[in-house]
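Could you have a look at this structure, given as structure tokens, before my questions?
Every chain is named by a letter (A, B, C and D) in the order it is written, and numbering of its residues begins at 1.
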Amino acid sequence: MLGAALTLIFAGAALISFLWVPYDITQLDIANKIKGPSGAHPLGTDHFGRDILSMIMVGARTSIAVALVAVGIGMGLGVPLGLAAAAKTGSLLDEVIMRGNDLVFAFPSLLIAIMITAVFGASALNAIIAIGIFNIPVFARLVRGAALSLWTRDYVLAARVSGKGAARISVEHILPNVTNLLIVQGTIQFSLGILAEAGLSYVGLGAQPPLPSWGRMLADSQTMISFAPHMALFPGLAILLTVLGLNLMGDGLRDLLDPRLRRGAR
Amino acid sequence: KTDIVVAMQLEPPHLDPTSAAAGAIDSVLYSNVFEGLTRFGPDGSVNPGLAKSWDISDDGLTYTFHLNEGVTFHDGTAMDAEDVKFSLDRARAEDSANAQKALFSAIADVEVVDPATVKVMLSEPNGNFLFNMAWGDAVIVAPESIENIKQMPVGTGAFKFTNWVQGDNITLEKNGDYWGTPAKLDEVTFKFISDPTAAFAAVMAEDVDVFTGFPAPENLPQFEADPRFQVIVGNTEGETILSINNKMPPLDNVKVRKAIAHAIDRQAIIDGAMFGLGTPIGTHFAPHNPDYVDLTGNSAYDPEMSKALLAEAGFPDGFKTTLKLPPPSYARRGGEIIAAQLRAVGIETEITNLEWAQWLEQVFRGKDYGLTIVSHTEPFDIGIYARPDYYFQYDNKAFQDLIAELNKTTDPAMRTDMLHKAQTIISEDYVNGYLFQLATATVAKAGVTGLWKDAPTQATDLTAVYWAE
Amino acid sequence: MSLLEIEGLDLDIHGAPILRGVSMSVAPGQIVGVIGESGSGKSMTAFAVLQLLPEGAMCRGRVELNGHDMLGLPEPSLCRLRGNEVGMVFQEPMTALNPIKTIGEQVAETILIHEDVSKRAAMARAREALDRCELPGDRFPMSRYPHELSGGQRQRVVIAMAIALRPKLLIADEPTTALDVTTQAEILRLIRRLVEEDSMGCMLITHDLAVVADMADEIVIMRRGEVVEAGPTAQVFAEMNHPYTRALFEASGHQPVREAQTQSVPLLQVRDAVRDYALPRNRLFAPQDYFRAVNRVSLTIERGESLGLVGESGCGKSTLTRAILGLEELQGGEILLDGAPVFSGHQPNRAVRRRMQVVFQDPYGSFNPRWKVARLVAEPFHLMDARPADWRDQVAKVLEDVGIGADAMHRYIHEFSGGQRQRIAIARALILRPELVVLDEAVSALDVSIRAQILDLLAALQKDYGLSYLFISHDLSVVRNITDRVLVMRAGEIVEQGKTAAVFDNPQNWYTKKLIEAAPVLPDHGVAGGGAE
Amino acid sequence: MLRYALKRLVSLAISLVVASVVIFAMVEVVPGDPAAYMLGINATEETLNALRDQLGLNGTLLERYAGWVGGMLRGDFGTSYTYRTPVAEMIGERLWISLPLALFALTLSTAIAFPAGIWAASKRGSLVDTSVMGVTQLGVAIPNFWFAMLMVLVFAINLRWFNAGGFAGWDAGILPAMKSLTLPAIALALPQASILARVMRSSLLDTLGEDFIRTARAKGLSKRQALWRHALRNALIPVLTIIGLQFSFLMAGAIIIENVFFLPGLGRLVFQSISARDLIVVESVVMLLVFAVVMVNFAVDLAYAVVDPRLRVRA
């Protein structure tokens, strides 16, 4: 509940920011830089005099977009791979997919993300790709594991008796029954994606200015933390609360969806 | 107390000042470990170094240097004219890896007269020659120790190199056999702290005694307010400019460049990026130089005029270009501010943050950029505008002739005149957006005395530093 | 004097009533059989004795074990009693043992927990207990891990653990449900022997009436958390006071009314079928090894016939089924339906497949939980080139035929009980009006009363639809009641076949004999016997 | 057991080969010429070429790959372009910070997570459980570099209990060295400990629900005994996986944390070398880290076999 509420707050803030933000963040107001929270600026201003509340709202957009697309990449590629591997267990295809997964897992993900963005240039897009790549094996493994047990179910056998092929069964029978798992894992990867984006942006390899990003706000505020702690506090809290919200929501969803899944399929 | 910990942002890649551009090498070793024939004083003046005096022939083509006697390298070998010849010949050789080879291009020959006298023949007169010899790239090294110089630098200075923990620190100790005024400190540790936050924390926590080139101007007020510390703000030779690719349309249009210049609010940049540190400039010349002309009026902040100029140039709705930024915070922060200011007059910029290596590759060598921000820290470098292949790609015959003339001229008054002219030409051609002269801030513990205020060259000369009671 | 005395036991879990006024008693040397259908509270009664109840359970009433008031004792005292005075054996031998400890350690642990003896002494006594449970030391060293034992052997280890300290009471909760008939017979014999040797009391929980009929001195019949009837075995069987007891008894030996329809026209012919499974390679470049799951099996099903296939778990019954249905290709031999091969040119033959369908064992696992019944039942239409326009009507009709009603079409499968699901499974099998229906353990997972209804339904449908059945089961009594002919399979081969009655009454093969001997049978005296006439 | 190990070893070797190709390929497309970086703004083309030759940057791709891998097999990681010292030496030096840091963090996270996870699981639903779960939720969600920043602010700048960063050096003695690693290790360990504690708890709860626990209880073991003797080792299997994975997170997470605390460790070496286009260092360090991660996973696989006898036969 709390999780869903927190998530909604930030998703809502991101959405509202398309229509309205308290201040235009593309306008710098150097004269008003580094002001603590006040009536005019509830969360204060940053080193360029921008309104931190507005920055956080627009930054939520970046964080959510990056994490969402990265999860999308991971699901979009990982789910079919996992389904294929499960459909053809023990085959060469399965072996190749699983070894490939192991390989990606063997790389320290953040390190490689740093390499990727270092090689291809720092940008939100490359951050998405780097985070997305490491989502692929997560989903592939999850789906394969779940699908393997589903493949032993009698209803799959019944579908085969009805003359359906592996691809069709994967889509009609396996996929719908792993969606719950995907939703739960998706929320978790989503929150990890937000953390990863923040980390990459913090070291300067994520979203580039003028696109606001929570991670970069933290990086910018770092040298000012001793005299303007509000600049570091609020973006950090935004990350913390969003990730916390997503994790709580993931747990909640698991509790909500899992027993039904178990009851449905015994 | 006779030891000191001096922190700086960048670590030298290796310890041979004569084969790399990295200013960090000079920051540690210049004057402390290595010395040249001449040397820079704290005010930027050229003073005698290993050469106690010199004679210049009337045609300006022959320099005869008289060396100090009894000078030894740290490994005990004597420093004599042979070493000078070796050093200069090495720097100008075909396969030389000297990053500032141009400094030596005027030299035609070097001749050893006797162990204490060396004669340098030039191919044409050069008003800057003594100045050139003061650079860190022109220090005197010994053939005996050249092999391992990158790891084990052996010089003639008041300090001896002792140890290097890569990634962390370099230590020097007092040279007991120094030929000149001995150093007051017994031991010096240079610590490398690249991260501005860490820099702040390290000073605050008193992990270091001095931080030269303190990277976060926003923290200076706190140090100033704290009686434990002193803050020394000085000039550098760094003209911080918004470099413009003069060959890339529409930036090849002088009206467009002028529009850019008028769109920029220098003071906002100095306040926003440097927290007030820095002197506005209107041309590529250091304001503390006596030959400086204040031309900031040529590019006063005037967005309306800027818009008008853009419309005149055929871009009433503005245009789009790239803004590539190297790592220092003046560039990164300044870039964001400039982007916002340019956006206000209709010019959209796509910001790309680059590491130095990428910047050198893409911008400096590849000339693949529209705008960039960089500080040109070489002293007295207006001559770069005479190089059409330089990354601004500014090609003005009149200016090139002027500089060629200047190089040959030794008469001070005429030089001043020509320099004024040169500054005006580039300012009125709006070659680049001239922002501010980079300031340098040194934060030190209250008792530290004898530090340089300004930075006429990249050096941390500790030979006169001591702890006051 | 009784060993265990349960009186007026009420049990609630999180406020939901589970047990109501349960009373029973066990005397030393006595076996009390507790039976009842799934969910009737048998296991909970047992757990209440040990006080190992799930979280949120609340007990009232009186449970007295050898003079100890189990409901009143503090936890440490209960721990001293468990394993010492009362031992327990569980249903699932595969998961009841800790997979990462040796069997010796696990048996010795019972001793070490309760007695202050050296590890060596405990191990020696563990050895003894294993020996007593017919796991001799030369073949079953104590250093074995559970996964190195078969199900029956694991169950013996669990029993050894339970009796290591010669407890006064042994509670066995469905100790043989997961096992083969032959293994079941051995385990039951072992329990009986141990009870006699130590004159232990034994509470034997089962849902199989026949098992208790053989074993128990007294019977307690439970239903929905209540005891409906109790008394000495012979008396209960003779009197059957409660209608539920009668229904239970009747359903257990239920014989559906059916007429022989066999037309002596071969419908399905299997000739010399061979099915090999590739074994995982042990070494990288080792030659591929195979496991032969079906070895040169030949059989014929005639039109309108019900053919039974029996055999212990893992003998290859399901594998053969899959081959017949054209799901897997054979490595040798051929399978023909009405003369047409099931597989032609490495491709399953769709025209043949349409004429065969299957019903599986697990009513919970055979449906996609995310589909509605209409879509589920219509799935076999995929075998047609196009789904007929009136498919909804056809689904409705077949649902009516299996006694579910057409309004089920718009509901999800979790809204149905096990028995209803199995009816829907049959509807799905019938939707294409096949000629052959394979029933792979189709009634094994159902409670006896439901099982009886399904068997009746199958018999009726066979007549209406003119079906042939291949009826696979390990439950001999069911096979006996519903098939015309029977095949006995062992280790991938058919060892005996013939008319059902002939094979059961006069088995020729030693294995068939053993199988039939091992199967527990209901006494045929009493009301039930009368009722069947 | 041996066969199991051998099989793992083969797949390990394949992983490493593929990894080396991927890393090499990736690093080779990095724009930026190390020679240009080293010589700076005013270097001439000829000087650049001379330097490139010295650095061996002029060979074909295949030659360079073969040279790199061959060298590594011999323990020769090449010479850093910028520092002009053997990479192996640089790595060796940095390893003395990164490895202790990773181990310190790992020890810390295990030392926190195990008791917390076990405690929470054994008192499921209690106040203890709820608060452990609450704290770990926060721990998982907190960005560790932000946490590090806050810790520096509080413990180094305000309270001045610890140094704000930097490494005292092992020469200064174990204690000062450990002291400079303490804050970074805590920053690294906190999220890991939270994850580990959660995994430990849920894995224990799962195991506690298994049939064999009921068997053990029926034998007369108390709840505690059943947990310690039977559940714990079984629950360890997923926990081991996570510990193995965490190693890779610790290695990578260290890059950021080493930056916050300016520790001269491997992570910072990578960062510096990337910006300096010191390709050979990047390649070698990343390869080394991948090697370490692969080896740790191999060790974890072997640890499984020790914990779980079922794996010993299933070759």
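The rule is short, and it goes like this: a contact is a pair of C-beta atoms (placed from the backbone, for glycine too) under 8 Å apart; a residue touches a chain by one contact, two chains touch by 3 or more.
Chain-to-protein mapping (UniProt): A, D = ABC transporter permease; C = Dipeptide ABC transporter ATP-binding protein.
Keep in mind that this is a model prediction, so the values were computed, not measured.
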Chain-contact steps, minimal, separating chain C from chain B: 2
In terms of C-beta pairs in contact, which of A-D and A-C ranks higher? A-D
How far is the middle of chain A (ABC transporter permease) from the middle of chain D (ABC transporter permease), if each middle is the mean of its Cα atoms, in Å? 22
Can you give the whole-Å distance between the Cα centres of chain A (ABC transporter permease) and chain C? 46
Chain centre separation in whole Å, for chain D (ABC transporter permease) relative to chain B (CA means): 40
Could you grab the centroid distance between chain A (ABC transporter permease) and chain B? Build each centroid from C-alpha atoms only and quote it in angstrom. 45
Give me the residue numbers in chain D (ABC transporter permease) that touch at least two other chains, ranges are fine. 31, 149, 157, 259, 274
Mind pulling the chain B residues that touch 2 or more other chains? 197, 204, 355, 358
Chain A (ABC transporter permease): positions in contact with at least two other chains: 118, 222, 225-226
Chain A (ABC transporter permease) partner contacts - residues on chain C that touch it in the complex: 322, 325, 327, 348, 350, 353, 356-358, 360-362, 364-370, 379-383, 412-414, 425, 428
Any idea which chain B residues touch chain A (ABC transporter permease) in the complex? 196-197, 200, 204, 216, 218-219, 221-222, 268, 271-272, 332-333, 335-337, 339-341, 343-344, 351-353, 355, 358
Taking the touch rule as given, give the residues of chain C at its contact with chain D (ABC transporter permease) in the complex, in rising order. 50, 52, 75-76, 79-84, 87-88, 90, 92, 95-101, 109-110, 113-114, 145, 147-148, 158, 161-162, 282-284
Contact set on chain A (ABC transporter permease) toward chain C in their complex: 153-155, 157-164, 172-173, 176-177, 261, 263-266
The residues of chain D (ABC transporter permease) that touch chain B in their complex are 31-34, 36-44, 46-47, 50-51, 82-85, 90, 93-94, 149, 152, 156-157, 160, 163-167, 169, 259-262, 264, 268-269, 272, 274-277
